[in-house]
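Here come two complexes built around chain A, the first alongside chain B, the second alongside chain C.
Up next, the complex of A and B:
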């Protein structure tokens, strides 16, 4: 019984993800803006550092670009539902409210990850760094771990800020200080993947623990955010 | 409880007023100046340590109260818990601001520069400041009372959980990026220790007084708004 209930839960979550994907496929506006934003940020970083980017700086520039691009996606995540009034529809679905949270989270994570994966070859070309593409598994690993943290905290914050007067303005202000530890860790690990130096196991542990805490706590608190 | 509110207020004010003077005496006259480890001279700037650490502690205590009040609010929907969270966050931001002013002043005399990104306590204080200024902005940008309280409570809990992780991450960051000398207040002599703990106590009383007054003002202004609506 418990087992079937869990399968049902996952399927419900995937329905929400599929719905968001279908909506996105019709317009592609979100992916396009996030992707272009990430690239533009990298172009700006390139000229800010006069083209001379050691791996540590490049890793930092990558993560900053990805974080900023994520904010665009996270902001839209609930804004659309509110503009069209479809959030009411989501809330009357006879399912646990956490399904909405995990569905939105997974959708956001997929969008962010997609943007990152598509950007990588271009980053490798633009900055003449072959090593970016040489360890795709390790790199994808840290991208998922880091982006999971950004989307788990970002999703619940987005559900909150959509109800505020300042909306899009507020999300990065609340999000950035919260994800700072993950950003530090992700940059350290990414730089290590490009050029192994020192140890990074503690950073991976830190991000993993962060991910677990901030999957669990928003899951427990999400009900209060969407409650009418 | 034999004490009514007014008597308790008078007692607290008395302790606070007297305590502040005693604390100043202890810091500047009773406790000997520390010895500067870099040149073995008397190090008068170190006296800022008493105020700096006490305000950092008070700020942290205030944010702990925000988190606890937030949990209570979500459990019981009590208006008082929400008011406590708001007032405590405001006080916490003020004390953290003091920490962020006094810290760099002290750092300047110790490191020769105002700021260092590898000092976990200082950086954590800065992130705390960002988090709770964000918390107050969030509060001010939600119109409806019940939702504001709920959103703030959720953010208040999430923000507080983030603090130890921020601290850890900056510490590990320091481990991989060579640190400056770090001042460990463990080696204080007994007189300095006494002055320090007394100042800590006075700051804590100060926090309680501010919190009580803040709550009273907030509740009165809520009452006033309700009365205005009736009229």
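Up next, the complex of A and C:
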């Protein structure tokens, strides 16, 4: 031995993210399908509401499109690890197994956030809403908070459903009800950013608490989830 | 002499199916244990349990005398796993695959180590090609390089010859022979009696989750062993 040195938790998490990102850069299959799906959903909303819609509906349409697009990425997240059995390669690496969860979560969050950021200028054009691009920091903040919740729940559910035959169906069935509180909160906060009215601190608190819970629970349970 | 791995009363249950029924084995440093058995005998389950991929339902596994409980990091640092799946990523190149695993294992001087191993397995000229374009034999050679990146003292080989043509199998034979240094311990599951017998220093047969035959190679002959193997496989019908 003597050929190796223990690697830190965060470093291993980042290596998994880098690995997934490198593979995605080569194929672009995940980003392209997620982005196209989000785009199509937004186009449909645009036609359904004839262009102009109230801010709350606009915020809802945005988040529903992002959530549906996220499912595509989340579904593939662990499928890729199972295709050539590479999940077993990860499981025998000397690391806390939650490293795998956080690596996958961060990768999913990155892809979802990228899709959202690229979609924003298009949403602004489709719905003739300049205010979408006028508050980029606030908007990025709620996008990260909301997407973190979708990614954290979605990643653990993706790991749970990957070995089932109906995983494409099962993941959204389990995910949508679980992220509903976050979706409502994210819509409220996004609508407020577009048109400040009332208070939103309770919604931000709700999403933040939700994020913390769904970062902690998988951290404790992931070892059992990945066991066959 | 202390066993490098000791398995005591190991049981693994999947739903209502008992895959392992009280396996007891002591594996010593430098041994090459070839583990045979019909499909469903529990060979892969046993290997996965040793690799800490599966949690035993009952019983214990000891590594250098210490029980593997929740902290199995020391054992995981010491094992390399070669499966019939390559455990590689199709969309990464051979070099990128090894780089990822080398970083995760914290391999010192990983660039030199990766290049050295790619030369060893005869894939250096393909190091920048995505694994998707590799043949089964090339994948298995790269899988060996991945498994020994961190120079593990224990190598677990799960049906490594599955799907290989004669030439690829010969190359794999050479690679395994080169890895035998008298100190490294091997546990290999195989359906191929000749290959398993050729490499082994010890032979075992697993049948319905139980070890029904366990002997050192010098205590038996290929004919006697084959007879024993078919006796058990025949029972399966």
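Just so we're on the same page, the second predicted complex is superposed on the first by the 219 of 228 C-alpha atoms of A that agree within 3 Å, B and C clash if a C-alpha of one lies under 4 Å from a C-alpha of the other, contacts with A are read in each partner's own complex, and residues count from 1 in each chain.
To be clear about the criterion, contacts are C-beta pairs under 8 Å (C-beta built on N, C-alpha and C of every residue); 3 or more make two chains touch, one makes a residue touch a chain.
These figures come from a predicted structure and were not determined experimentally.
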item	value
First, second, both or neither for A:15, with chain B first and chain C second	second
Contacts of A:64 with chain B and chain C, given as first, second, both or neither	neither
Touching partner for A:227 - first (chain B), second (chain C), both, neither	both
Touching partner for A:156 - first (chain B), second (chain C), both, neither	first
Touched partner set for A:173, first chain B, second chain C, both or neither	first
Which of chain B and chain C A:84 touches, first, second, both or neither	second
Chain B versus chain C as contact partner of A:181, first or second or both or neither	first
Chain B versus chain C as contact partner of A:26, first or second or both or neither	second
Doubly contacted chain A residues - partners chain C and chain B	227
Chain B residues touching chain A - in the complex, by the definition given at the top	74, 127, 130-131, 134, 137-138, 141-143, 147, 150-151, 153-155, 157-159, 161-162, 165-166, 168-170, 172-173, 176
In the complex with chain B, residue positions of chain A that touch it	153, 156-157, 160-161, 163-166, 170, 173-174, 176-178, 180-181, 184-185, 188, 198, 202-203, 206, 209-210, 213-214, 217-218, 221, 224-225, 227
Touching residues on chain C, where the partner in the complex is chain A	14, 48, 51-55, 73-74, 76-79, 81, 83, 85-92, 96, 100-101, 103-108, 113, 130, 146, 150-151, 153
Interfacial residue positions of chain A with respect to chain C in the complex	1, 3-7, 11-12, 15-16, 18-19, 22-24, 26-27, 80, 83-86, 88-95, 227-228
